[in-house]
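Just below is one structure, and these are the notes that go with it.
Each chain gets a letter, A, B, C and D, in the order it is written, and its residues are counted from 1.
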């Protein structure tokens, strides 16, 4: 039984706590949050000792691994401390909003041979996993084009937006990682952003809608479409187009009921709204991957370098949007 | 150029007139209707001489073929006269509502070697034609089950119902022919009817909803579902299930637009409402088949025997509904 | 924490054991199977004490409830004993293959006020549950027609068929219960069976394919299509057609990936093959329903009377198939 | 009856000839092609006098209108001559590959008040027409994103590529016009091209795959995906995403048959391969629009300015691809 510490008792922390409780070979040993009542709440539901003291995790040699689900600005310090304490780490994305800090973090931990995994959960979604395996297996021949549609049901509140690092670092980063999941490295990035949804996003200096075009190292073309709002749910689609055909991952509904009536036919329900519903299986599979890697001494993937690479692409997209130029990325 | 006479200037007569005008090797020479103004209207649109006198068609040796689209009670007499006059005939379904009259008609014409085709237009629908070819070609292995869904958008008016011969002879007859199109002969028929829609249908001694189960000569099972009303259009589906798979013919919409919104996703338009829209191509292909048969001296299909066989099945369904017994049919 | 005993350590017993282990308020206390090694295997996975002695369950006053997942011939005796021992019971379908034994069982337990639930798991499938709620809620107006397609991926082996009670009592019984789930009582039954798949099924005096037509007490028409074999997976669909529209429950695939290539477009995976995959959620929800009923003193549904009623319909279908007559059922 | 002259007896000329023959109020009077045998062939099929002499059209005052379906380099001269001769013109896209020549042409004809229509046939496709009407009608609220997928079944031969003006002016120009159809003016263009398919395309200095991102004058974002090859047919899709929902135009198949088998389920046929099949209705509706404008003295749309504007966008895309910069377009 692997004993886990959890930093962060918010929404995403709760997801990880539930996964830890459900996995047959892990247990939630300690939950940390500066807001101790939040830690207590999660511990009551999923087990473990609640604490407001980070050392209760870092200093406990009986804790094998840590999940970092605290606010982004705390990631680097915790990640470093955990690695130094010899614990395996699953760190939520992004590692940090500032590439320099990410690089400094790497300098601090690179000699430690630490087990570090970055929480790009979508790589573990059964639909995307299957699709990538089939692409890699050659089912559509050489991959030529990858189209990613990614729209959130509703924009985050103003307070969140202000500290989010901007659309590309906060939201698109998942899609940029998805692009790398299929393409490997990306060498060129173009982006256009727009403010179409909420004035407070523009006021924060951020955009709420964007399109990104990229070129993969193998010559593939890639497009990403983002919106902070989607009237019909959480719109998460991927289309891989190759020399011999296409694989498409459509949206998902809670049941397979469809309605036909005078107003229209074959109507499905709105798509699963909440990312925790849409990716519930992915979060569990993500943890399972880490567990297997720890048990078998393997290196988990996506790792630190993947976390960094997605941030590099997010920075490139930000720069392209501002300058109107295609940004080359050194892979 | 084949010269056609047309009996009947009603809704279905107009469809045939349009097909005759559009076909490159036919022309509408004479349109007959006792209501002469109706004949004039069609002639104005699609050419030909309007007339109220049937002999203008029957007695004109320059007329090669006749389409009988007049009311059902007139079919037998016209069909016999046309065959005797040496004209090819496309007679709308049913040949007659009374099997004895149909058989008497056959006695009268069987020695004439006449070219007679019965208007089961659905056999010429590209979707059903393709499906049957693929079934016949072995794509799903041995055919085991055939499911036919056939629902009209709205019930016919009371006056029509009264003289329709009942649901099975009027509406189901198309589905019974579709069953024969896929199965060849049918040997057992069960039916249950119900009155769920309009009281005037029950008052006319007819049903407005029905399910029919049948066994084909090759052992296949077949189900038909009928309704005189369908809120979402003209519901016309066929499912052929075999040892190796299934072919399904779904409904069709005018365009491929789908809508996703807060109330539901992937909503298509209501299905094509009117049988003349849904089967527009079929009517043209039906005529084309007759033309090719006439030009090449072939026997058109479906022929008189098919018209009779569908009526036999309609009678069997009616009897089964009344007696609660499975009715055996001698093929 | 409700403590459960489990009779039967076979395939379906294992499903229930897993549900018991996963439910936060139940535990598997004792697993019984005459083949003790099977009981040991399940206990090792999901907890509880394995035993070959039924009294270890029946005689233990600390056991609150029992799941009967043993072979059908043992159901009545166990159900009776459990009820007499004051335990709540979830009994797998069918209660028995012989209506007289079912009725005798009822005579024995009817005075005990026992909590008895029958395992028609499909009522708890989220898709069918949602569909029924929407029908009941009036979304499609008066329900007029119910179409149920139910095909197994592959026929059971000869030994199973021989003691199955026949297609209608073994397999169709789920669909007959589904019909009752939507229609309430059924008053007329017609059936045609066929042998199209495996000679050993015919040799056992059973059919492998069937169509059933029924009339509900409210006048609705219902059709069931069954096959013991389906090349493309476990084909489980329901279509509810009403005055104002239609709700359809389509098949389900493991992921939402679709393929387009030279051989065809929009190809989904074969449908979930195994009933335990297709109905995994349903089995868990079924248990949860029993737990809630026990906790709150409610009567679970479907109950003993539902188990009996489905068997009555299966007997009626068998009789109709043999006599060729519509069989009336006294509701 | 409007009398038409046709320049160009190639593949697209034949489509227009067929439309002219089928339209009830037009006739094909003269067919011109320097290869006279081609003109003869079309005249034999669809009527009219074949000729190798352009003046047989330009000099005949009885000819009301002209369709220019000859090679692109001849368009400007013919268009100018026709306008000067007082004939209405439907000119195939592009007007010319060189914007300066297009502008010079406009100088020559702008004072003539000529009726000039440019052949962006897709605007007349029933699916896209309906979709735009619904967007314009407010069904999805403010339009925020427009995604256009446009892939040809197979690349044109080397000889064609060499004189095509490049992917953007030859193929994307249709999609650029589609963007303008939905967005009105476009103000920013980004493009990335790639050579993934045929070496001879790269050798001709052209690309065979591309992604284009644009910003509309109203702030909307737009993406276009192009490929010269598509294994599963002619891939023509549009997705309009707005504040209140999304309208999608999917691909179309010849029939509605779908197959389910051991290798996959719900497989549709490959999409209609040939643009003449996919857009057959659009070509007829395009002609009908011109006819109605001529009869009622209206200005047809898309007109000369639309033909120019799409070329401006194609030039901008070409420039962006070469410079890596976002190109601003003056609307």
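In the analysis below, a residue touches a chain if its C-beta (ideal position, glycine included) is under 8 Å from a C-beta of that chain, and two chains touch if they have at least 3 such contacts.
This one's a predicted model, so the numbers in the text were calculated from it and none came from an experiment.
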If chain centres are mean C-alpha positions, then the most distant from subunit D is chain C
Applying the document's contact definition, name the chain pair with more C-beta pairs in contact, A-D or C-D.
A-D
Geometric centre distance via CA averages, subunit D-subunit A, whole Å
42
How many Å are there between the centre of subunit C and the centre of subunit D, using C-alpha atoms for each centre?
58
So which stretches of subunit B touch two or more other chains?
140, 231-232, 244-246, 251, 259-262
What does subunit A use to touch subunit B in their complex?
231-233, 251, 253, 259-271
Using the touch rule from the top, collect the residues of subunit A that touch subunit C in their complex.
126-127, 130-131, 134, 139-140, 244-252, 254-262
For the complex, give me every residue of subunit B touching subunit C.
140-142, 144-145, 147, 149, 151, 188, 190, 192, 194-197, 209-211, 213-215, 219-223, 225, 227, 229-232, 241-246, 324-326
